[in-house]
Structure formats: structure tokens, C-alpha cells
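Okay, so chain A shows up in both of these, paired with chain B first and chain C after.
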Partner chain A sequence: MEKSGSAFDAVEQGPEASESTVGTPRASGGDQIENPLVTALRGRFDSSILHHEIQASDQHVVFVDAADNRKVLSWLKDEPDQLYDLLVDVTAVDYGGGRPIQVVYQLWSIAFKRALRVKCELPLDALSIDSVVALWGAANWLEREVYDLFGVHFRDHPDLRRILMPQNYAEGYPLRKDFPLRGRFSREEQTRRALSQDYHDYYTLEELEVGGAPGIEPPAPPDATGEGGVSR
Partner chain B sequence: MGLNDGEGRDPLTPAEAEALGAAEGRQGGLLGFGSPTFLTTKVDFVVNWARRNSLWPMPFGTACCAIEMMASAASNFDLARFGMERMSFSPRQADVLICAGRVPYKLAPVLRRIWDQMMQPKWCVSMGACASSGGVFDTYSMVQGIDTIVPVDVYVPGCPPRPEGLIYGLMMIQEKIRNESLSNHYALRAEDPALVARPRAGADEIGALAGPFGNSTQQEQLSSFAQTARPKRSEDLLS
Partner chain C sequence: MTEKILEIPEPGMRTEPMLINIGPQHPATHGVLRLICELDGETVLKVTPDIGFLHSSFEKLGEYRTWNQIVPLTDRMDYLAPLMYNCVYVMAVEKLMGLEVTERCKIVRVLCMEMERIFSHLLWLGTTAIDVGAFTPFLYAFQERERIYKLHESFTGARITTSATRVGGMMADLPEGWTDSLHDFVKTFPKTLDEIDSLLTTNGIHLGRTLDIGVISGEDAINCGFTGPNLRASGVDYDLRKDNPYYDYETYDFDVPIGENGDCYDRYLVRMEEMRQSLRILEQALERLPEGPINVADPRVSLPSKTDCMNDMESMIHHFKLITEGIKVPAGDCYFAIEGSKGELGMYVVSDGGEKPVRWRIRPPSFVNLSVIAKLAEGHLVSDLIMINASLDIVLGEIDR
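On to the complex of A and B.
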């Protein structure tokens, strides 16, 4: 088969070397479009707002300095003119080739029926960002998922553990572009590790008590006087 | 109690039955040797007859195969015709484990524990491509065939198999039971406790099963247009 000039050439060449300095792809022309929200954000946070673009015809995307994510998101949530009070999703994107990993916050304003996407770029050698669990409780498991699959560390997260992969998983972060499709261990080692999982790895002591796991005493019921239960 | 061989007629006495059977050329009469209150047979036959006609499945449905499994149990196909009278959602009352769907590594110890909780004698059906081999999910998170976790008696191919396929697989289990014998019962049913919580297949076997695209330590995926390493031989390239 003649392969020169094929649309699959780039795929055949494989991923770019990790020292590549190619920037993250960005839609063009976004900054020309006026948006009162972005104007307000620029007025308030100035240099923290790096870039603004529109994707899928009406989805406004604002790139924010990763160091100021909590400040900006807190303002977006509480400012009476914005009220982006619903956190729809926290996820991340790795474009590969050594480019920074983007942490994505998808917001929705219930009051104004508006959507907004906030992105923060993290270089691969400094994958650390402030947690927003204090703003939205929904961020708890979503940030655990991003930590599990991309290895992004969320500072001040109350319970940063793996959530999808097994707790004894030691092969890295599967959704990174440099992660081999079949994992890093042999199938035999993967099977051995899977079968040696322990449910104590997955649950906190409180969760095991609720579930009545063998060997775990259920919590003592509060006594009749209402003085409270046993303190542990 | 005599034999009633027709409506409105008196029951036959043993002597009459014997005479009738002899007249029809059957040696020993209608009832075999002896009186009509017992019959001679083999213990193997009776035990296997009872076992194979009251197989209660333990459904372990994790994906779309489970939809077909439900269809098999519903009225159109009606597994109950074959003695799978009801799905047993307690492994301790089940006889045959039907693993229907893909099993991720995180679920592997659950499958193993359910198998261990089932009482002997027990059988296992691996339903569909994913349970049998990992299917298209040749990835970091997926068990490549549940026979690396539990012993499998029958593999049902398909993605997903139609209910007829599952029923055929279960009838193969019945056929397997029919040919079992109590004399080698313990050899058939023995499970090495040292193998529990270990892969049931060795490294060589898993490596061989993972072919022809290599195993995870030699990532030479040549399918489709993507490859993660250069092929060693030019004839391996898909053109």
C-alpha cells in the first residue's frame, strides 16, 4: 500500500518526543469576541486571565493562571452578576508530546442559565493545583478521578486517593499520553496484583463499620439519654 | 401400586406387565428386573440426572452479555425448560457461574470470591468474547479471559452471544455432567488451595494467550494504524 501523503502519516510516526516544545493547540480568533464576563474577569484579575476563546460555536473557554484558580473560581461562584454555582465537571486533558496537562472546570450558572469552561495549564514537572472542594463538594470525587488517571496533585484535598483504579495500582497514571495501552507490568503480574487486593485498601474505617465488614465492630448506637455514642 | 397403561383400564398386575413386556419383545418385561416398586440403574446415572436437570445459575453480569442472559431467562427462551429454574443471586445456592461481560482487574477478586463461595459441585460458563479473552479490551485495566481467575468449563463465543448460544453452552454443561462419574468425582472437583488468589494460568500461558500482538511487556501492537514500537520484521506490518 502506498503510504506517502496518507492522512495516517502522523499516527504512524507515533507520539512526539517528550522534550517537544510545541504549544497546546488553541482555537484562533476567540479574543476578538466581546464577552462581558471576560471583560469583568480581566478587569478584576488582570494578568491571571491568560486567554479566552470560543469552542463549538458558543462555549466560552477562559484560560486561567493555575496559581489563581481557586481565587477566580470562588469569584465566579459568588459574584452576584455571575453565580456560576454548579460545578458540572472537573477533568483534565493531556495533549501529549510533553505539552502541559490542562485541568478543566465546567461551570453552569443556574440563575442565568449560562455555561463557562475554565482551564488551567500545568507543566508536566509541576502537576499541582489548589483543590476546589471547599467551594463545591462535587469536586471531591472528580478531583480524585483526575488524580487517579492523570496524576495531578490537588493541594488541600481532604481525601486524595485513587478512585477508579485499584489502590495497590503501581503502574502510573493510565490516561497520560505516555502510558502504554496495556500497562507497564506483565499480564501475570497484573493478575497477581489484582487478586491480592484487600478491601481495607478501598474503604476508610468508618465506611467499613457502616458496611459491617468481617472483623470490624459496628459503631455502638448512641445511648438512650442522648449523651452521644462511644468516642473513638 | 400397579401400572396404569391407559385411561379407564384397571392397573396391570406385575405378572400381566411382565407378560405384556415379553409379548412386545422386551426382555424382563416393562419394568426391568424385579417388581414395579423399584428399578435397577447406576448411581452415576441418577446423581448426574439430578444434577444436570436442576442447575441453578449464578448470574455475574457486568455488560451487554447480561442483557442476553436476561433474555435467555425470560419467557421467549425460558431457561427453566432446562432446569435452570431460577437465577440464584446467592452463590451458596448456585451450581453454575455465568460470567457475562467484561471483568476489570478491580473486579477480579470479587469474581474469585463468588466462585469460592459456591458449593461443590460447581461449573462455570464464560459468556461472550470479553469474559473469554478480554475481547476488544486489550488494555491496562481488563482481565484477559476469566480463566486466569477461575476454572472455566464452557466458553460461549459471541459479542454478545444470542440466547440460543448461551442455552447451547448450558446444554454442553449438562452433557459434561452426564459423562461424569462419582468414581473420579474427587479428582474432577479437586482445587488446589495454593492456587487460590493466584493466577490460574502461568506467565508462559498468559503470554501465549496474549498473542499474536505480543503481551504487555512487549508492546508491539500492529493492528489498525497505530503501533507503539517499530515492528521487528517487515512482513509483520499490516498493509
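On to the complex of A and C.
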């Protein structure tokens, strides 16, 4: 027996439903409104532009085929009508449940004062995408962070190493949804690993050579190639 | 005799690069930052920053918390401007929910954010000065910071871990007399700022240590993702308060200082002027501060009053559900950025319609700014590396998150 118009009703109804289904593959041609940028992108890249949507009332999101990310981003950066010259952020989103991981590029055009979000979806069994470090220096650390925390491999990245987690970290990629909050190893094992790091974990091989570490026989340290860790 | 000495060939003399670590525990790195330096004598050949010592996985933790429970995580990232991080997080969530906060709340948040800009710049000013050997500005700056600490304390009960915002409003309204204290600060702070200014701006030693050190051109700065005072020091006019205004910043009368050379000295000048401009904004905001409710009257996010809870069943249930389940945010994602004290401070929140975020991402200004240090410091002396690091104004809590 609810009173009509009580404050309780709105809570029970919950927030308004979003117009999009989150994290599912989309068919092209689902534009909500026309946007000259999207029209231009479609005209230029045709099938590489998978989907366009508007989030949070005014934020344009364009889904791009992961194979063409560098081509599209390069065009967005240099085309005189677009000039998205500031790469604000590179990150990723894992929705869990085996759905693809989204790599998210947040762009801003200083000249036109416009923002754009570009997303690429990567299936979990092929987490590999072209690096954009050649376009923006800012992508260097941002992509390293995505690699570190999500395990997305960026092709042609000059220095793809872990950045926040230790170099010998072998528990996997912490921001994946299947990663437990306290890590995969037991507390004992985590402590043991933390205490058993040696200088290979603190220096790159090049640095060890410069430093002239005594008796250094540089074998490939466990994680230096970036291929270590638990993969799924 | 002298000539003869000079002519002696020195086949035995050879130089070789040396590897040294600065940090992670060193006051000049402004936190637990490790710089691996390759040196030729005193010249830096290559510097590789090593970060992550303070990694606390805030983003992962956030996925296990309800939307309002994330607020305390935000101020632990940048303990030099905690209120600013509180504000931007809830602003992002409110944007995703399509929630418009009250006029009073807006102005209170503007007060908080501009106060934090001064708060953060003061720490930068004091520690940077001490890095180049000037001790007095450090003491002056920290005395002024103490006054803002007191303002924090009387408003939120905490000096650093403020956690003052909630989705849809603030934790509490401003206490009585708080605006007077802030007004007093705004009136008296410029005197101290002028004193510090006179100690540093034309000081020969300071000029020698900062002019033409760590130069970066505007084009390179954009390419490297510089934002905030660092980018503006290179002559790029990009300030989110002007370019993508939020909270009616376009109606405030203030200037955005722009540098020319992109060296440490210009970064210093830009920040000094920003403090003065923040004072102007504070003055105007204090004048505008209206009476009225601080929290929105939206049942999705705001709690019913205690009196209502005790008197009718619906309010009681409403209160119970909001507290135990947390608020629900519609599915979708939202990136919201403000002009932080260190650069573009963004929050990217992704929701699937539930009580907890799918993903909560901080766009970390210091993280991106620090990544450029290798480029800036190459070819400079080790002592200049310290100055360059200081001039970037980093905070490791936010870099490592």
C-alpha cells in the first residue's frame, strides 16, 4: 500500500534506463542524432566506424574497428577540420562475463574546444592493438598502464613494461573483472615474492650494463619482455 | 709550464657513464618517486622514472564500493588538494545521472576548488623554493597552508582526508563563520604572496636556477599530454574553466596566465599568477554565495530528514534503502574533467545501472606530466633535474593511485 507521490516511489522505480545495452557488440548505423564528425568519419573510413552514440547527454562516443585505430586517430589528429590534438587519456574497461575489453581514447581539440571519445573493442582472446605513441607522446605511459592493469598488448610500443605493478608481478592483470581484490596468490606467497626481488627486477638490462653490475650475465628476467603473468 | 701540462695526452683518462638512483626515499623527489639517472659527470644523459611505490589500486577498490563510498578514496590520491578530488568525482557521477545540484552547492564547490588550487600551489611553491635553496618561502607558504588546513578542519572535521562531497550535494553545509574565515584569508593572503614574490621572482639565484631550464615548446607540450600550468607556461591557452566551463566559471571575472618560454621560470610565474586569479574567483564566489538548501531534493540520491524518518514509514524505508543499497546510477559512461591544480583532472565513470561502478578511472594529471621528465631533463645537470621535477608539481599519491 504505497502512497502515491511519496518519495519512496522514485527509489523503487530506480533510475531511468539507459538507451544502450552496455558492452555488447553493436551493429553499425545506430546513430541517435546526426553529427558532422561522424558523417565525415563514415565517408572517410566507411566500415571501420562501427557505431556512434551519445552518453551523459552530450558526450559523443565513436566505436572504431580495433584494426584501424591508428589510421582513424591519426586522421582525427591531423585533419584540419578536426584537429583533436590533445590525447587526454587512454584507458580500458572490462565489463566482465567474457565480454570484450574496450580500449578508450579520450580526445580534445584545443582549437575547436571539442571532446570526443573513441572506443575499440578487443575480444579477450586477442588483446592486441596498435600503439599510438607515434602520434602522441602522451600515450607512452598511458598505454603502459593499460598493459599493466588489463594485459592489452600495444603493438609497436617502444617500452611496453609494467609501470605501477612490480616488474616480477606474476598474478595477472589487476583491473580485469576475474581478478580477485586481494590478488591470486596467498599472503605468504605474496610476501615471499616481495622479499625475494633481486636487481633484475629493479633495473633494465641496459641500465645494468651502464651501471656495470659485477658478474652480470644478463638472462631475460622473468617479466622484462612483458609477456609474463597469468593470461587467460 | 702550463702549456706543457695541457699538451700532455692522457691516454689513461676515460670517462664512462654512471648509473645512480635518486629516491625512492629522497625529499627532492617530492614523494616516493625513483629516478634512475644515467650520468656523464654531472650531466644527465638519460633519466627513467620508476613509479608505483604508492600504488593502492583505488580504481579496483572503487569497483567493490557503492558510489558514495568512493568519495573517501578520492582525497587520498591528491592529499595536497583533497577537496578538488572530492568535487570532481561527484561531478562526474552527477553528470552521468543528469543531476543538477543546487546553486548554493555549486558555489560552495567553486569555493572549495579554488581554495584547493591555492592550497596545492602553496605546497609546490614552498617545496620548490627549498629545492633551490630558499628556505624562507617554505616557512611562509606553510604558515598560509595551515590556515587552509584549519578551514578544512572546521568544515569537514579532517585536515587532509576531507571526504566532503556526496552525490547530489555536500556532506554538510558550511559551518557558521566559515565564510568569514575564508574571507579573512582572501584579504590577508596577498600580502604574504607578495612577500614570497619579492623573495623569488627577481632573485638572481632563483633566476639562474630556473631560466631556460627544462624548456618545452607548446607543440611538444601538447603532444606529450601536458595540461594545466605546465602547458600554459609553454604558451598554449588551454584552461578548462574557460574552454569547457562548468559551474558557471564563464561568468566569473578572471584571467588565465600564459607563459612564453615553457621553462621552469615560466611555470613558476604561471602558478604565482594563478593563485592571485584564484583569489579573485574566491572573492566573487563569496559575494554570490546564496542561502538555500545545499543538497538536491532528488529522492534518488538525497536522504529524507531525520524527523521524517522518525515520523513516517516511507521515509524510513527510503532512508534504509539508500543507506544499505546505495544510490543507483543509470547505465552508461561519462568523462568529466575540471581544471585541477596540476592539470586536467578527469574522472571516467562507467555504470551498468547498479549500485557499484563497473569502472572508475581517474585521468591523472601528474602521471602524464611526469612522463615528460625524461625529455625535459636530458642534457641538464643533476641539480637542474631536481628543479625540473619540482617545477612539474607532481603528487605521487595520484600518480600511483
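Operating definition for what follows: the second predicted complex is superposed on the first by the 169 of 232 C-alpha atoms of A that agree within 3 Å, B and C clash if a C-alpha of one lies under 4 Å from a C-alpha of the other, contacts with A are read in each partner's own complex, and residues count from 1 in each chain.
Criterion: a contact is a pair of C-beta atoms (placed from the backbone, for glycine too) under 8 Å apart; a residue touches a chain by one contact, two chains touch by 3 or more.
As the structure is a computational prediction, the values presented were derived from the model and not from experiment.
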| item | value |
| --- | --- |
| Which of chain B and chain C A:Trp141 touches, first, second, both or neither | second |
| Touching partner for A:Glu207 - first (chain B), second (chain C), both, neither | second |
| Chain touching more of chain A, residue-wise (chain B, chain C) | C |
| Partner chain(s) touched by A:Leu86 [first = chain B, second = chain C, both, neither] | second |
| Chain B versus chain C as contact partner of A:Glu171, first or second or both or neither | first |
| First (chain B), second (chain C), both or neither touched by A:Ile163 | second |
| Which of chain B and chain C A:Leu181 touches, first, second, both or neither | both |
| Partner chain in contact with A:Gln59 - chain B first, chain C second, else both or neither | second |
| Partner chain(s) touched by A:Gln106 [first = chain B, second = chain C, both, neither] | second |
| Touched partner set for A:Thr191, first chain B, second chain C, both or neither | first |
| Overlap of the chain B and chain C footprints on chain A, listed as residue numbers | 8, 11, 14, 164-166, 174, 179, 181 |
| Residues of chain B that touch chain A when the two form their complex | 105-106, 108-109, 112, 138-141, 143-144, 148-149, 197-199, 201-203, 206-207, 210, 215-217, 219, 221, 225-228, 239 |
| Residues of chain C touching chain A in the complex | 16-19, 36, 38, 48, 50-52, 55, 57, 59-61, 64, 95-98, 220, 222-225, 227, 236, 238, 243-244, 298-300, 304, 314-315, 317-318, 321-322, 328-337, 344, 346, 348, 350, 352-353, 358-359, 361, 363, 367-368, 370-372, 375, 400-401 |
| Interface residues, chain A side, partner chain C - complex | 2-3, 6-11, 14-18, 20, 22-23, 55-57, 59, 61, 85-89, 91, 93-96, 104, 106, 110, 113, 115, 117, 136-142, 145, 149, 162-166, 174-175, 179, 181, 202-204, 207, 210-212 |
| Of all residues in chain A, those that touch chain B in their complex | 1, 8, 11-12, 14, 164-166, 171, 174, 179-188, 190-197 |
